[in-house]
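Below is one structure, written out as structure tokens; comments come after it.
Per-chain residue numbering starts at 1, and chain names A, B, C and D are given in the order in which the chains are listed.
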Amino acid sequence: MTALTTPNIQLGDYIVIQRQKYTKLQKFGSLDTTATLGKETLELKSLLDHPYGSTFKMCVKETKAGKRGAQRQHTLELCSETELGSTRENLGISSSGADNRDICDNGEAQALKSSDIEQLREACNESSKIIEKLVENSKTFHNRTEYSQEKYLLKKEKKYFEFVQIRQPTIRLMADIFYRQDADKVMGIRVDTLSQIISYSGVCGFGNYLLYESGTNGLLPAAMINAIGADTEGTLVHMHPGNVAQKQALLALKLPFEQQQRCISVNLYSVLREFYQNGTAAVDAVEASPKEEVNEPETDQPDTSTDEQSETTEPSTKKPKLDGETQSNPRTPPRWQLENKRAASLMHAKFDSLVMSAKEHPSSILQALIPLIRPSRPIVIFSTCKELLLETYMELKSTAKVTNLHLTSNWLRMYQILPNRTHPEVNMSGNSGYLLTGYTLQ
Amino acid sequence: MTALTTPNIQLGDYIVIQRQKYTKLQKFGSLDTTATLGKETLELKSLLDHPYGSTFKMCVKETKAGKRGAQRQHTLELCSETELGSTRENLGISSSGADNRDICDNGEAQALKSSDIEQLREACNESSKIIEKLVENSKTFHNRTEYSQEKYLLKKEKKYFEFVQIRQPTIRLMADIFYRQDADKVMGIRVDTLSQIISYSGVCGFGNYLLYESGTNGLLPAAMINAIGADTEGTLVHMHPGNVAQKQALLALKLPFEQQQRCISVNLYSVLREFYQNGTAAVDAVEASPKEEVNEPETDQPDTSTDEQSETTEPSTKKPKLDGETQSNPRTPPRWQLENKRAASLMHAKFDSLVMSAKEHPSSILQALIPLIRPSRPIVIFSTCKELLLETYMELKSTAKVTNLHLTSNWLRMYQILPNRTHPEVNMSGNSGYLLTGYTLQ
Amino acid sequence: MSFLKPKTHIEQGDVVILYLSVNSMHAIEAVPTIVNKKGETIANIFQTSYGSLKVESIIGVEYGSRVELSKGWAYVLQPNPELWTQTLPHRTQIIYTPDISMILHQLEVRPGAVVIESGTGSGSLSHYFLRALKPTGHLHTFDFHEARADQAREEFKRHGLAEFVTVYHRDVCNLGFTSELDGVADAIFLDLPSPDLAVPHAFKALKLSGGRFCSFSPCIEQSQRCIQELTKLGFNEICSMEVLQQENVVKTRTVPVIDLEFLKSPKTSETPTINEDNKANKESKKYLTSSNPQILPGHTGFLTFATLPPNIAK
Amino acid sequence: MSFLKPKTHIEQGDVVILYLSVNSMHAIEAVPTIVNKKGETIANIFQTSYGSLKVESIIGVEYGSRVELSKGWAYVLQPNPELWTQTLPHRTQIIYTPDISMILHQLEVRPGAVVIESGTGSGSLSHYFLRALKPTGHLHTFDFHEARADQAREEFKRHGLAEFVTVYHRDVCNLGFTSELDGVADAIFLDLPSPDLAVPHAFKALKLSGGRFCSFSPCIEQSQRCIQELTKLGFNEICSMEVLQQENVVKTRTVPVIDLEFLKSPKTSETPTINEDNKANKESKKYLTSSNPQILPGHTGFLTFATLPPNIAK
């Protein structure tokens, strides 16, 4: 935030590759790393040391026949600002018909055959050139309405656009990518709901925060530790039901080490045992068979979490992380035990808010965690299943431990705002999920 | 529909009184009838024989001190077109400030005291005059932004506007009035949902239709018989759980007699008994103690319906209608028995669709009525409680008697479209209710 | 001929809805033979994702029956405007039932009404107008695209609706609705790129006793211009709205319920083994619930309604 | 001073939220005495719908405690931007949590961020910005209304936030954000009647390394003009949206369940009497359900976001 110059792309970074409106999160693990965007494969090595925000041109290196048409391999070349610019402007299209009355959609509107187009594509590497040719050879283009022309150009541009921009991952960009690719990967937490979780939980640079989530690819802990910030005094205890926390989004943020250290990821079962029993059994727990303790979370976790775990894109850091530590330093307690101890001491000191996004019924987890929250502090429970929150609402209402209860959901509508063509977008996301919020009482 | 001239206002008509955006349904029962709009009481006698659509001016006749300020009694005077016109135009306001930066809302903006305004109101009977004075005496008006000026004028206009228009009731106008006044009066059926009930049920000039509703002030049967039309061959059997059908909206439509006759209103329990038992017990039923039969619906009906009944504005036609007939013609069967017989014969012939809007759980009623519907016919079940329709959905799904099941709800957003001030309205209705639709199978 | 009124059995020539599943249905014509490309008359066999149907076999069958396909079965349903809208051959962008229902309601269409529609498009809305106004009303429908007007005219004839509708090939923005229609309409519906150009013609075509007006536009600017024109001509009750229908997908969800109480007691040889722990703390509960599909229609169009009051001088 | 960080006990001078019910809460200042109109120092007594509170009595009490009122009780909560937004003295139309949350998310505000806001208004959004960017960032907030700017400045001081914010009284549309702020901002937020006039100033104030922009406008025309200006200056990722939050009111509904089977058997002297019939056919079932309130917010404003890409020549 404070750096006036943008950082450069480094090996080991997660990067966001953007081609028009499509974005993808990719680990730039080595110089040989390639990224796949539909039918295009990109060699990433030339990104190294260029500043984030740079735009690169896709240059065809080879074309292989694939199952669904040609698969192209590209190298990337840094491109100048002047190469960019709207294709529409480049083409200078202006004469549009008033309506579509004389257009017959009989499939004969385009004089170029698909083999011609493929050839054209090999020959001229610029999408604007290809589109120009397509427009020239379209019998109907200039009879179409502007609206219809625009649609045509957008469709063609999308197919032939040859630039990608490399961006630094942020919570905003990742929330979009994850939700678009597979909303289940982030438990269905949509951008508006995510933004409200951050608000209602009050997470900021001061205070200690507690999160339970059963698998959001690291998005929720990343969003919270991002809000806690670098060089602050806030801390996050991140409980999860699995063997290893999903951390992709956290790793992608490339946070300073001191900030990463303030996100303590622990297994729910294991840390609760530590917490409940640490007075008497603290030493026992450390001495206990590591194997059994490590496995416990795995057997304890509900069915769905296993699938969740396998979805993370970080297989190399999974098992080894635990096994490696326990094996190489047999006498020092494994990292997960140290983390459990750090978390337990924060649990004894109590937290400044609770955020939950559980695949399981939130009720029993909430009962275990609410005593860990100080009075006059927000709780925020997310679920895609309203029925679960209705029950939880009623339970909280009857215990009178939490007040100012609200169950909310959201509509999010995107707008197309263009001269004479302004309207809400024709598709919208149907599910925001539900938030149950309230304040703990003394 | 076919008349080129608009009909005239008659005694006994239901009329819609409109003052700006406020509308009210009122029975014009006699020349002494008065209508109350907030603090204004209107004498209706001068409406007689004027064509529907006419606008009348409210002329203060006397002012009484009421609990919440002065209560005014008005006579109505037919007014000419030239008297109408936007107050804004009349005032010719144009100079508006660019923003509100210099306005201090310290309550001293209006130089006129409320006693002055009251006096002004007595003196000049035209709202435009009053508003003109208010504007003249407002220290801040001309410094307000146009948006703010508009809001101010609308607020004032609303208070002092002195014209009413008399309109003929239609389904459209009544649906608005009922829902706005008290959505519960029409079981929460919003305009978009009502319109879709008519579509999905397929009700039209041909065929026989079955409706069960537990109290919509007659709106649902009125909307259906309206869609069946005058001089057609369609018929509606309208089942209800109460002693007497709610018919306000039906009566307000002032349908031709032949069309009214094709809406057969019967009590659910009583007509089902007639239907199940008419082979053997037809004569018995007619001979049975009328008292017991008449009372049956009342005791059978669920708690809520009693309240519903008392809400109808037709108390004079209620009890007497049944008692009167049975008493005066002790040997001819009472009207409700004849209607039961007509309905039962249509039930044996089966119906072309089923519409239900039940306060009760729809499931058991549906089980009784679905066998009365021909195959390949739509069913449409409305409820404000989604859980009831979820259960009904599952039941129908498991019996495989109905296919193409859909559970839908709606958003309805009104827009303010004005030059430079276009936006969705700031308030919207939150509940459309839910429709469960499907098609019967053979 | 299956659109005129409810009927019980399939007759030759009927359009029939072949219902395979909630996402798969076809409108087919119940004719035993068709003429192939070579000009030969052959048996009419209809292919579906569940195999083929010999169409002749459904003639005489009761609507709502199950019919066998070579690899499964389907239901035969009588068509109506809702089912037709879901199966019709798209010649243009069409309007769907939620908007259409509001249009019919707001235009107060009922038997006997005279309605003017422009453009005809794929005829989806026309079928709704016809159901609502027949047998005593009439629909005048206009399209500037000649082939579309011809197709629609043919279709109404095949559907048994010809006597209630007149189809015109005409550019109404420039030429109006023909002088024969001056002052005849109870209601007018416009779905045009520039509705404002047709508003003065709508004004002329509405009855002297007044009538209702609707314009459907995807973009807000079209509505803005249309409203300016309506205001100028003395229309009132002008209001604009959007109707969006959501499907609620019904499902049963199994939610794991976990017990964390057992963690409070220290593990000793007397306490249950981990396997027993798991048994105790792994239960699940079923919920009957619903959710919207991931993608919903976010916008269809702005509906602008207005009233032409009675006795406005034209 | 109760806005800076989480705290456990009420200290003198804290703003405290007195929570009576979900629809009734007040922000009060925990001071034992106040000066009345006559200039006399008197005990600070706060009146509520459940009676009065001697404010002195809450000093030293733990946040989240129940406190007694003369005719009931209330809870004392530590204020935060959400509760403050619901209780603050309205000096202008304010923006609420759903829109604000999206603004913070899209502007990527986190500790260390430098944010420019115009106008300050009632300071509701400012409190959110401050929570998100402190202790290492800074908020520059502008209002053209002098009294409002002064009030806001005072308020931030009382709330313990003064060191993270600078309040300016300035007409930014005409005069810009002062040359001291050229190239310092990570994010800029505009809530102005003519946001397009301030876009060039926003362009100058954003960092050379780029930044995020947001404008909130009630009317679509404001967004249209703002977007034109943004496009002209080379902003990208321009997108507009609306966020609407719905409350789901939780309730238990009792639904009558009726039995109609008994009607199938004829009434004989052997069959139960009507009273017994009723008993048999009148049951009810309870449902835990929710519905929206009858009236929902239908529109707050259009949020337009954009990115200024890095290294654009200014």
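As a working rule, a residue touches a chain if its C-beta (ideal position, glycine included) is under 8 Å from a C-beta of that chain, and two chains touch if they have at least 3 such contacts.
Keep in mind that what you see is a predicted model, and the values were worked out from it rather than measured.
Q: Going by the stated contact rule, which chains contact subunit A and subunit C alike?
A: Both subunit A and subunit C are touched by no common chain, going by the contact rule given at the top.
Q: Based on mean C-alpha positions, I'd like to know which chain lies farthest from subunit A.
A: The chain farthest from subunit A, judged by C-alpha centres, is B.
Q: Of the pairs B-D and A-D, which shows more C-beta pairs in contact?
A: So, comparing the two chain pairs, more contacts are at A-D.
Q: Averaged over CA atoms, how far is the centre of subunit B from the centre of subunit D? Could you give it in whole Å?
A: It comes to 38 Å between the two C-alpha centres.
Q: So the centre of each chain is just the mean of its C-alpha atoms; given that, what is the distance between subunit A and subunit D in Å?
A: Centres of subunit A and subunit D (C-alpha means) sit 26 Å apart.
Q: Calculate how many whole Å lie between the centre of subunit A and the centre of subunit B, each centre taken as the average of the chain's C-alpha atoms.
A: 49
Q: Hey, how far is the Cα centre of subunit C from the one of subunit D, in Å?
A: Chain centres of subunit C and subunit D, defined by C-alpha means, are spaced 41 Å apart.
Q: Which subunit D residues sit where two or more other chains touch them?
A: 220, 242, 246, 288-289, 302
Q: Among all residues of subunit A, which ones touch two or more of the remaining chains?
A: 386-387, 411, 413-414, 422, 424
Q: Looking only at which chains touch which, which shape fits best: line, ring, star, complete or other?
A: ring
Q: Output every touching chain pair, sorted by label.
A: Taking the chains two at a time, the touching pairs are A-C, A-D, B-C, B-D.
Q: Taking the complex as given, what residues does subunit A use to touch subunit C?
A: On the subunit A side, the touching residues are 98-99, 101, 104, 145, 183, 241, 268-269, 272-273, 276-277, 280-281, 284, 288, 292, 296, 299-300, 302-304, 359-361, 363-365, 367-368, 384-388, 413-414, 420-431.
Q: Any idea which subunit D residues touch subunit B in the complex?
A: 144-145, 147, 171, 193, 218-221, 242, 246, 253, 255-260, 263-264, 266-267, 274-275, 277-278, 281-282, 285, 287-289, 291-302
Q: So in the complex, the part of subunit D that touches subunit A is made up of which residues?
A: 4-6, 8, 19, 22, 62-66, 75-78, 80-82, 97-98, 100-102, 104-106, 108, 110-114, 128, 131-132, 134-137, 186, 207-210, 220, 223-224, 227-228, 239-250, 288-290, 302, 304, 309-311
Q: Would you pull the subunit A residues touching subunit D in the complex into a rising list?
A: That would be residues 1-6, 51-53, 170-172, 175, 191-192, 194-196, 198-200, 202, 204-207, 226-232, 352, 374-378, 386-387, 390-391, 393-394, 403-415, 417, 419, 422, 424, 434, 439-442 of subunit A.
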